[in-house]
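Same chain, two partners: chain A is paired with chain B first, then with chain C.
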Partner chain A sequence: MAIKVERPPVAGGRKPLFPRLVRALNRESFFQNVLAMPMQLLLWFLLIIPTLIVLYLSLVAWEPRMGVDWWQAPFAWFRNYGHVLSDVRFWQAIVRTIGVVVVAVALEFAIGLALALFFQRDFLGKRLFTAVILYPMMLPWVVVGLAFYLLFLEKGLVNYILIHFLGFETGVAWYHYPAVALSTIILADVWQWTPFMFLILYSGLGALPRDPVEAAMTLGASRWQIFRYITMPMLKQVIIIALIIRSLEAFKIFDLVFIMTGGGPGTATESLSLYIYRLGFVYGQLSYAAAMAVLILVSISIIIRLAVRPLEYEV
Partner chain B sequence: MGEGFIILKGLRKEFGELVAVEDLELEVEEGEFLCFLGPSGCGKTTTLRMVAGLEIPTAGDIFLRGERINDLPPQRRNVGFVFQNYALFWHMTVHDNLAFGLMVRRAPRSEIEREVGEMARWLELEDLLETKASRLDLSAMQRVALGRTLVTRPQVLLLDEPLNNFRPALREIMRGELKRLQKQLGSTMIYVTHDQEEAMTMGDRILVMSAGRKVQLATPRELYRQPNSLFVAGFIGRPPMNLLEVTYAREGDRAFLRKGELAWDVTLLRHAIEGGLRGEKAVLGVRPEHVLPVEEAERRGLKDTVVTGKVDLVQPLARKKIVDLFIDDTLIKMVVSSDFPVAKDDQVEVVFHPQETHLFDKETERAIYNGLS
Partner chain C sequence: MTLIGQASRWLGALAICLVILLPVVWVLSISFKPPQEWLAYPPTIIPVEPTTSNYIVLFQPGNPVGGVAAMVSSAEPVTQALINSLIIAPIATAASVLIGFFAAYAVSRYRVGGTFMPFFTLTTRMFPPVAFAVPLLVYYRMLGLIDTQLGLILMYTAFTVAFSLWMMKGFIDGVPRHIEEAAVLDGASPWRVLFTITLPLVRGGLAATALFVFILNWTEFLFALVFTSREAITIPVQVSHYVGAVGRFYGPQAALGIVASIPVVVAGYLIQRHLVTGFTFGLVRE
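Coming up: the complex of A and B.
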């Protein structure tokens, strides 16, 4: 009905003055478009137009200090991209960020899964514990970053405990060693986002059919075998989705680094987002930063495409 | 056969307030095909799950081969279970489904392949071995569910309404297949169903359950001829037994069952009746095939009270007809041969086969007599 364009003229009715306009208005799709308009506008102004601008910026050579507006800047075409690819600090940031993502997400997944499995059985205070576990996820990044920053300060709580309860002579300068500083950031991320993994895996486990597990039991499978051959494969899709969502989020890590180490010592803990931010807004190399952002956008899109693939061939 | 192979003693299961199974006593012989029959929610599946170890009894004991297995986890009972909706491992191929039981037992690979191959051949699944379980049709799912369990050679096979999802024609075929299979393997089977026809055709014995309790445990023939209660009488047989509320009365030396104007002379049975009946209210039962047209009764020399009914509905079958009669305002079904001339609104005179009537206490619902006299 909705798509039908040609309508037989109503017998005895008058011919409309603007037949094409009337037909367009009569179409249901027109009305649907009107309803979708606010969302469309939002999408265009918040997502598509800015993306196009970034794309344009990446193709010109523009810095605010040049004194011209960005649409007047000369084209540099792909020179910015070339620079990015030969930028050592860029590659270091990428490797570092991927490292953080892998370690943090792996830990979050392992702990989240263990908790989710543990919470499948009933025990006293389960509801209370569930609420407590979910709590860190509700905090803003900044709050978590600040809390962990204070914990690991020279005179922070962690060093206090080390010195006064564990007999260390001096505290540890957590933010002075690249690997240690990075670990504190990972720790903060794990603390904040394990609940997310827990939540998804917990509900995923709860939604699994019970029958195959029972069938496996009557066939003599041990708990480990059931977990390995029945539960995990059935949970696979949920796991993939959880890993994708969390990895994407983690890859954008900014706040924690910005607040806790500021990328330091030196640039030893600088994440990709932080580097791009600095390029654009501290060093004023906006075109360069834009090129980097576009590169990352494209590569992430490709990676996601590949990651989602196994989901599409299931069932 | 002596000692029971499976023994349930005072078995009880509660889910919160709900008593699903109440103090069940049962002995199953080795090699027997036992059916649990009852309406849905009567506790038959719960009982089965307790035998398999999937539910923990609230009270009572389960013995298998004389060993108390209450505390054994399902993994160590060697009891096969075929689930109502098959519960296949949907993410695995047919081959992996069949191999699972042996794989988790760490059987050598060559043995697994041999057993799976044999089972697949026998269940005609050879062409489907590499198919994912979720893509099978119902009959193949059923066969995989069965094969997956049989591969492990369980001591006992428990089946929970496995034919539920089949169309009637296939059901009948599978019924025969299962029965043949059971005889071939000589294994002990407990088969849960709510379909009396299934139970009657397959079971060596049938346990009729209602509301978590055992009602009657007997052979199909006994259940049909000697129902011990109103419940069994009404549940077994199709069309169901006609049940008429009657009043028992003594008149001098003689005794009668009365319903309105009608009276049946039960003088000869009065001792049995007075021994069993609490009050005077009783229920007279007679199966539709034992409601005889008066001519036929005379021909066979069966004499009893002649009842007149008005035909309400005639349902012709191939060789029989089901006739609905109204006697006053009570509906009675009778089954007559298809050449018996009858049409709607006819007046028909019938006799209840005097040797095939049943009497139940209205209050306790227990049988007082079953077709003696």
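Coming up: the complex of A and C.
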């Protein structure tokens, strides 16, 4: 509800110098639009105009090295899109990125849920422990990448542990095998973002009403039954939100790959973001990268529509 | 709970925390090791001969310290990047939080933009930033904003304003409407209500939002990588340069990683309570 009350004249109040101007400034419609204006300008200049530009770029054949300005480039219409759809490296990057998202988010959810349940009971020093658990997600991605890069060096700590405590003959050359290199990236992502899952599920669990659980207990339900049929359904909303947010974030994966493997060996660990980055800013094929960007924008919009729909009905 | 139950839980939590701490402890350890210990076998967590030369060469690459300087003399000093980050991140944070606060007030109290506008802002966080970086490059080249602090500040403001809007909307929704209405009845203008009634009441929320947005701005990597080359380079990009360009100089790399992490770990510690609201745009309430 908007606050719509005619202001009574203030008795004895100071008379404004420009009564008309002051009245105009204080009019509700002016007030609320001025408040929202800076953000709308910002979004116009840094979101809407660039989106229009990317659409245009994707329809022309332009590379910075051509020596003409981008608005003078000849139209290629949908040829860029055709090239993207027949680009093997693009599809490989998509499948790889989705694979990373699925594996990483599933692991993060499972570990995060286990941790959240573990931390439901009180014990000595719980607050300190939760503080420690939370900090990985605050760190810069590049620093997390650096930390895991240092851990997984050929003569690094992980290989030392493998050889001396787990009986491996030699250390593993982590960055020489595609699947192994990819798994170190997933591990880094899981290390950094399990705390996110833990945090959301932990506070979600803490906010649940106690009555249904206590009622079930008096009726003799087992702990598993309570968890499966009472806690989980009540937590469903929170779980869906956490999974959506984390999946969208994980799909952006760039920094970890850039730092840890640079997409290597070859292009075996290249994520979609890294491939678009290279096309646009290393190889200078901007229209091609633009077409790819548009395809990504469109498909993610569709996925979000589909993912959010069940939520809206339940809210 | 029984004493044994307590103890086992405590030990379990300790083990979890050790696993979580390991990567960072390892980086911290390497950052204080002299070159011959970086890859020493067997590795030690506590450096045998601890040294601060890794940190010193970050700021004085030409200055020979402990034999490390010669190796990283090819790398640029990190001073420029540190100063840039210290300018860009706070200014962008202040702008984002202020703009977000005003917009959140308009959305919360007057439903400006209906349901579309607040959700539309979320698109800046849903899509991979690289998809926006492509058009922004040609756009920024036209405007002459490439490799400028202003360019990054504008971009960071725009791409974190969704967080500011949604977090602040949560806090503003929590302020009872009748307090503001009472002030209006007393003859206060809407501006006065906003600045003298609502703003002081959401001060804590404003601080939490600012720290959260600061973490995002400080750690942002891709835009900084694409849109800066020399003048406006930020700390995360500098980290990547150290990993990429100076090869196997693990000590200074680790030291830089630690330097880059300190501000965000402090900020994060201060706003632990508000992290859920932050990371879920207020969709999950505590």
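The working rule: the second predicted complex is superposed on the first by the 280 of 315 C-alpha atoms of A that agree within 3 Å, B and C clash if a C-alpha of one lies under 4 Å from a C-alpha of the other, contacts with A are read in each partner's own complex, and residues count from 1 in each chain.
Throughout what follows, a contact is a pair of C-beta atoms (placed from the backbone, for glycine too) under 8 Å apart; a residue touches a chain by one contact, two chains touch by 3 or more.
All figures in this text were calculated on a predicted structure; none of them were measured in a lab.
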Partners on chain A (chain B, chain C) - clash or fit: fit
Looking at chain A, does chain C or chain B touch more of its residues? C
Just to be sure I read the superposition right, which of the two partners does A:Ala307 touch: chain B = first, chain C = second, or both, or neither? neither
Output check: A:Phe196 vs chain B and chain C. Expected answer is one of first, second, both, neither. What do you get? second
Determine, under the contact definition given at the top, whether A:Ala268 touches first (chain B), second (chain C), both, or neither. neither
Should A:Phe251 be classified as contacting the first partner (chain B), the second (chain C), both, or neither? second
On the A-aligned overlay, A:Ile98 touches which partner chain: chain B = first, chain C = second, or both, or neither? neither
Answer with first, second, both or neither: which of chain B and chain C does A:Pro233 touch in the superposed model? first
Would you sort A:Leu117 into first (chain B), second (chain C), both or neither based on which partner it touches? neither
Chain B versus chain C as contact partner of A:Gly220, first or second or both or neither: first
After the superposition on A, what does A:Pro212 contact: first (chain B), second (chain C), both or neither? first
In whole Å, how close do chain B and chain C get at the C-alpha level once superposed? 11
Between chain B and chain C, which residues of chain A are contacted by each of them? none
In the complex, go through chain A and note every residue touching chain C. 1-3, 5, 7-8, 10, 13, 22, 25-26, 28, 31-33, 35-36, 38-40, 42-43, 45-47, 49-51, 53-54, 57, 70, 115, 118-119, 121-126, 129, 131-151, 153, 155-157, 160, 164, 191, 195-196, 199-200, 203-204, 206-207, 238, 241-242, 245, 248, 251-252, 254-255, 258-259, 262, 272-273, 276-277, 280-281, 286, 289-290, 293-294, 296-297, 300, 304
Quick check on the complex: what are the chain C residues that touch chain A? 1, 6, 9-10, 12-14, 16-17, 20-24, 26-27, 30, 39, 41-43, 98-100, 102-103, 105-107, 109-113, 117, 120-121, 123-139, 154-155, 157-159, 161, 165, 177, 180-181, 184-185, 187, 189-191, 193-194, 215, 218-219, 221-222, 225-226, 235-236, 239-240, 243-244, 250, 253-254, 257, 260-261, 264-265, 267-269, 272, 275-276, 279-280, 283-286
If we count contacts the way the header does, which residues on chain B are in touch with chain A in the complex? 52-54, 73-81, 83, 85, 87-92, 100-101, 104-105, 134, 148-149, 152
Given the complex, residues on chain A that touch chain B span 209, 211-212, 214-222, 225, 229-230, 233-234, 236, 315
